[in-house]
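Just below sit the structures, each encoded as C-alpha cells.
Below, chain A partners chain B and then partners chain C, in two separate complexes.
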Partner chain A sequence: MSDGITRRDALGRVVRGTVLLGLGSTAGFLINKAEGQVVWQVDTSRCVNSRLGEAGAEVCMLCTTQCVVAQSAVRAINSFRDCGRCYVCPAYYNIRSAVDERGLPSEKLCPRDAIRRTPIGFVDPEDPANNFYEYVIEEEKCDGCGLCVKACREPLGLGSIVLKVRHNLCVDCNRCAISIACPHDALFQHKVADALEPTLARQPQP
Partner chain B sequence: MGSMHYRRLPNVRRDGPDSRFATALRGLAVDRRDRIYAVGDAEVKIFDRDGRLQRRWPTSRPGCSVAVDEYDRVYVGETGQLEIFDATGRLADVWRHASRLGRVTAIDFAGGDVLVGDANDRAIRRYDEHGSFMNDIGKNNRMQGFLIPNGVIEFAVDRAGVIQAANPGKHRIERYTLDDRLLGHIGRFDGVDPAGFPGCCNPTNLAVDVRGRIYVTEKADPRVKVYNDDGTLVAVVASEGFDPNCKNMDIAVDSRGRVYVTDPVRLDILAFETEGAAS
Partner chain C sequence: MTSRAPRSVRLLAAAVLAGVLSGAHVAAQAIQYERPVQVAPQQETIGGGYVTPDVQRPRPREYWLQVADVGLLAVAMALAVWFVIERRSRAWTLTLTAASLAYFGFYRQGCICPIGSIQNVAVALTDSTYSIPMVVTAVFFMPLVVALFVGRAFCGSVCPLGAMQELVVLKPIQVPRRLDNALGLLKYVYLALAIGLAIRPEIARDFVICRFDPFVGFFRREGFAHMMAIGAGFLVLGTVVGRPYCRYLCPYGGLLSWCSRLATRGVTITPAKELDCGLCAKACPYGAIDRMRAVRKECLYCARCYASCPCEATPGVAV
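For the complex of A and B:
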C-alpha cells in the first residue's frame, strides 16, 4: 500500500463504509465526503421545535425558509426506537380538527402529506385502537417545516421526530444560511468521522 | 356537562424544607381519615387534611406510587419492589420481583388482595395480602393490553370491586374484574370536546370516589376532570394552574370530595373543592 495507508486501514475503511451504509441514507452519503471535512447539523436540544420545556412556543420554520437548497436540506426524521406508535399521533393528525365517523381527527397535520401511517404487528380489524402504528417520514416530500416536530415534542408526544440536515442534500455552505438566521444557535458543525458517534450533539455551552 | 364547579384551594403546604420535594414528586394517596400521602425523591411525606406536614420517612428507592390500606399500612411502589411500612414509618415488608414489579406506578386494594401496576410489563398484578402472586390483569388479551406511551400504568378499584384502569393510548378507561375479565370501557378521543380525551394518550391518571365517580388527569394540556360511572362528564375541575410540561399528574380524592393533584414539574400538590363545599 502506498501513501502510508496500510491494508488494515483500507479494510477498516471498507468496514466503516459498510456500517455507515447500514446507518441509513445520510450516513451513506457521508462516505462521499472527506473524513476530515466538517458538515452542518441541527442540535435538536437547542432547536425550539424539539427542545424540552418549550410548551406553547410558536413553530419555527426558518430551516425551511432560509436554506439555500430548494425545499431545504433539512428534513424531519422519526426515530422508531423512541416513537410510541400511537393510535392518534399528534404529528400525523391535526388533533384539534373535528372528529370523523371513525372517531379520529378528520385532518392531517403535515401540509405536504409527507407522513405515512401503517398498522404494524398483530392488526385488529375490528378495533383499530388496539393496534400499533408506524409513522414514516417520506423525506422526498418533506421540507423541514417543523410542524410535526413540534407536535411530537414532550409532553404531547415522545419527541421521536426531530429536524436533521440531510447530507445528501446539503451543499455544505461555508456559513450555513440557517445558522445565521437561527434564533437559538442550533446549527453546529462536526467532523464527518463524528457521524459514527451514537450520540451526536454539541457540547453544552457555558 | 354537569353544573358542578370547582375552585382552587391553597396548595398542600411546602413551607419549610421538610415539606418540599427536591427533585421528583410521583405518587399521591389519601387515607380514610383524609390524610394526604405523597412519594417522590426517596421519601414518604404525610400531610394532615389541612395540608400540614405530619410525618416523613425515607424509602430505599425513589417512590413511583403510594397507597394506604385499612390498617394504615403504607405501600410504596418503586423500581423492582414494593415497600410496606406501618403507620409510624417502620419498614414491615418488602416484596421484590425484578420482572413482575419492574416499575410499580399504581397500587390499590380489593378485598384482601393487593393490586399493583407494573409499567415495565404493561400489566396489573394481583397478589394476596402475604405477597403471593395470583394473576395478571389486562395483559393476556387480544387487545394488546395497556398502551402507555406516557409510561405509567394507572388504575383504581371502585366501590363495587371493579378495576377502573386508564388505557391512554386507546383514550379509554377500561373495567376489569379481579380475575382479568374485561367488562367494557368508557371514553373516546376528542381534541376539542372536553368530554373526550385529547392528545396522543389520555387520561394518564385516575382516582375513584365513594360514589363511583372517576377523576382523571390529562397531559398536554394539563387538565383535571370528573366523570360519572357511565362515562358522562360531570365537571372540568381545572385546566390551569399547572406547569404546561406536566405529565402523569397523580390524583387522589378525599371523603369530602377534595381533589388533590400533583404538579410533577413544579413539585407541588394542588387542591380543589366544589364551589359551596364547607372547608
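For the complex of A and C:
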C-alpha cells in the first residue's frame, strides 16, 4: 500500500466502487427496458357511463370524486365528428324536465353549465328545430361527472361524449386514485403517442 | 336551408309542443324523446362552409422539459455542494433551498420525485412488464451517486420536501441520541414496507410513499384533508424538531444515508483547526455533530455549523 493511503481508505474505495458498479448496472438494466413516457387514460369501452347495454340509472361519478386534483383531471369531451348536433340534445337539456314556452326542456342537464350550445349557420325563427347545433364542452367548467356522457348514449344519443383524462391537468400519480376506485378497471396507462390518437369516442382498447 | 335537418327533428318539435299542451310540467312525466338523426352529420352534409372543429387534445408535459428538470436537478445538487463545501455559506444555501422549494415544490408540484421513484424502480426490477422512463431512472440514481462521493447534498437544499421543513426550523431541540437513533430506524421500516407493497402483483400494487407524501398537498394547493393535516403536523413539529420527516421517515433518506457513509468528502469539522467550542454542535438542528465530529450519514447539508463557527467569522483565521 502506497504512502498516504490507509487501509481504511483503500477499503472505502473498493466498497464505493462496488456500490457504483451495482447502481450503474441497475440503472443500465432499467434504461435498457425503458419504453418512454406513459400517461393515464380512460378506456371508454369500459367506462360504465359510456358503455352500452349497462343497466342502471345512476351515473358513476368516481372520476370526479376520486381524482387527487380538486377539479378532476377527467373531463367530458364531445367528439364533434360523432355528434348528432340535435336540436334537443339529451346531454345538454334535461329531457325529463318540464317543457318551456319555446317547446324546449326548461332545465339543462349539466350541473356546472359547462356545455355551450350554438346554432350552426342561419336559424329560421319560425322553425328553429330545422337546424344543427354545435355543443361545445367548456373544459374549465367541467369536472367529469359523466351526466352528459351517460345521457348521450345510444339510443337517445350517438355516444359522442366520452370521459377522457386531460393530460395537461393530470398530475400523473404513480397509481391513479381513480384507477384504484374504478369498479370497471377503465383507467389504464398507455404511451403518450397512443394517448394522442385522434379517435376519442368508443375507442376499443386491448 | 330548407331540409338541412331530417324531418324527424321537426316531428320532435311537434312532440315537444304536444308535451306542453298535455301538461309535461310534471317533472316525472318525461317527454317522448327520440333522437332526430341516425348518424352524425358531417361537414359535407351540413354545408354552408361549416368546418368540424378539432377536438382539443392537450399534450402532457413535453419530454424535453422533463429532461430539463433532470438537468436542473443536477445543477441544483452541484450548487448545493459548492455552497456548502466550498463557500461554506449559509445564506447561499438558504437561497438555493428557497429556489428549490419554489421550482421543484410549488411549480413542479413535487414531481418527479426520487423518494417516490424508489417504488417505480422496485417494480421495474421485479415486474418484467413494467418499465420506467429514463427520466425517472436518472432522478432516482443521481442523488445516490452524489451521496456516494459527498454525502446528502440532495437533502440539503434540493429536495422540496426537505426545503419545506428546512424553512420552518425555528427553535430546534436536540433529540436525545438514543431516541434519535431509534426513531431513525423507522425510515428503514417504511422503506421495506413501501417496497413490499409496490412489488405485489399489479392488481394489489400500492404506492404508499406517494399516497402519504406529507407535503404534496401543499405543493398542489389542494388535497385530501387528512393528508393536509398530517403535512401541517409535520411542519408544526418541524419548528422544534429539525426536519422530522427527513430524519425519521423518508425512505430515500435511508438509502442516501447508506450511500453517504462511503463518501470521502462532505461537511467536516477539521480537528486541527477547530476551537472545540461546541457551537457547531449546538447549531446543528439535526443531531449530525457527535462528539465534535460531523456524522456524514446524518448531515443534511444546511451549513448552519459553518455559520455558527467563530473561526469562519473571523477573517485571517484559517479553517
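By our rule, the second predicted complex is superposed on the first by the 156 of 206 C-alpha atoms of A that agree within 3 Å, B and C clash if a C-alpha of one lies under 4 Å from a C-alpha of the other, contacts with A are read in each partner's own complex, and residues count from 1 in each chain.
Here, a residue touches a chain if its C-beta (ideal position, glycine included) is under 8 Å from a C-beta of that chain, and two chains touch if they have at least 3 such contacts.
Keep in mind that this is a model prediction, so the values were computed, not measured.
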Discussion item. Tell me the contact category for A:L52 with respect to chain B and chain C: first, second, both or neither.
Written reply: first
Item to complete: State whether A:C173 touches chain B only (first), chain C only (second), both chains, or neither.
Response: second
Practice prompt. May I ask you to decide whether A:M61 touches chain B, chain C, both, or neither, giving the answer as first, second, both or neither?
Written response: neither
Practice prompt. Give one of first, second, both or neither to describe whether A:A181 is in contact with chain B, with chain C, with both, or with none.
Written response: neither
Worksheet item: More residues of chain A are touched by which partner: chain B or chain C?
Response: C
Discussion item. Just to be sure I read the superposition right, which of the two partners does A:I120 touch: chain B = first, chain C = second, or both, or neither?
Written reply: second
Discussion item. Let me check the overlay on chain A: which residues of chain A are in contact with chain B and also with chain C?
Written reply: 84-88, 90, 95-99, 103-105, 122, 124, 127, 129-132, 155-158
Worksheet item: Okay, in this complex, where on chain A does chain C touch?
Response: 9, 12, 15-16, 19-20, 23, 26-27, 29-31, 33-39, 68-70, 77-88, 90, 95-99, 101, 103-105, 120-122, 124, 127-132, 134, 136, 139, 155-158, 160, 166-175, 192, 195-196, 198, 200
Worksheet item: Which positions of chain A touch chain B when the two form their complex?
Response: 52-53, 55-56, 84-90, 95-99, 103-105, 122, 124, 127, 129-132, 154-158
Response to the item:
Given the complex, residues on chain C that touch chain A span 1-5, 9-10, 12-13, 16-17, 19-20, 24-28, 30-31, 33, 35-37, 39-42, 46, 48, 50, 52-60, 63, 66, 109, 111, 116, 119-121, 124-125, 131-135, 137, 141, 144-145, 148-149, 205-207, 210-211, 220, 222-224, 259, 262, 264
Response to the item:
Contacts from chain B onto chain A in the complex sit at residues 142-144, 147, 149, 169-172, 188-193, 196, 198-201, 219-220, 244-247
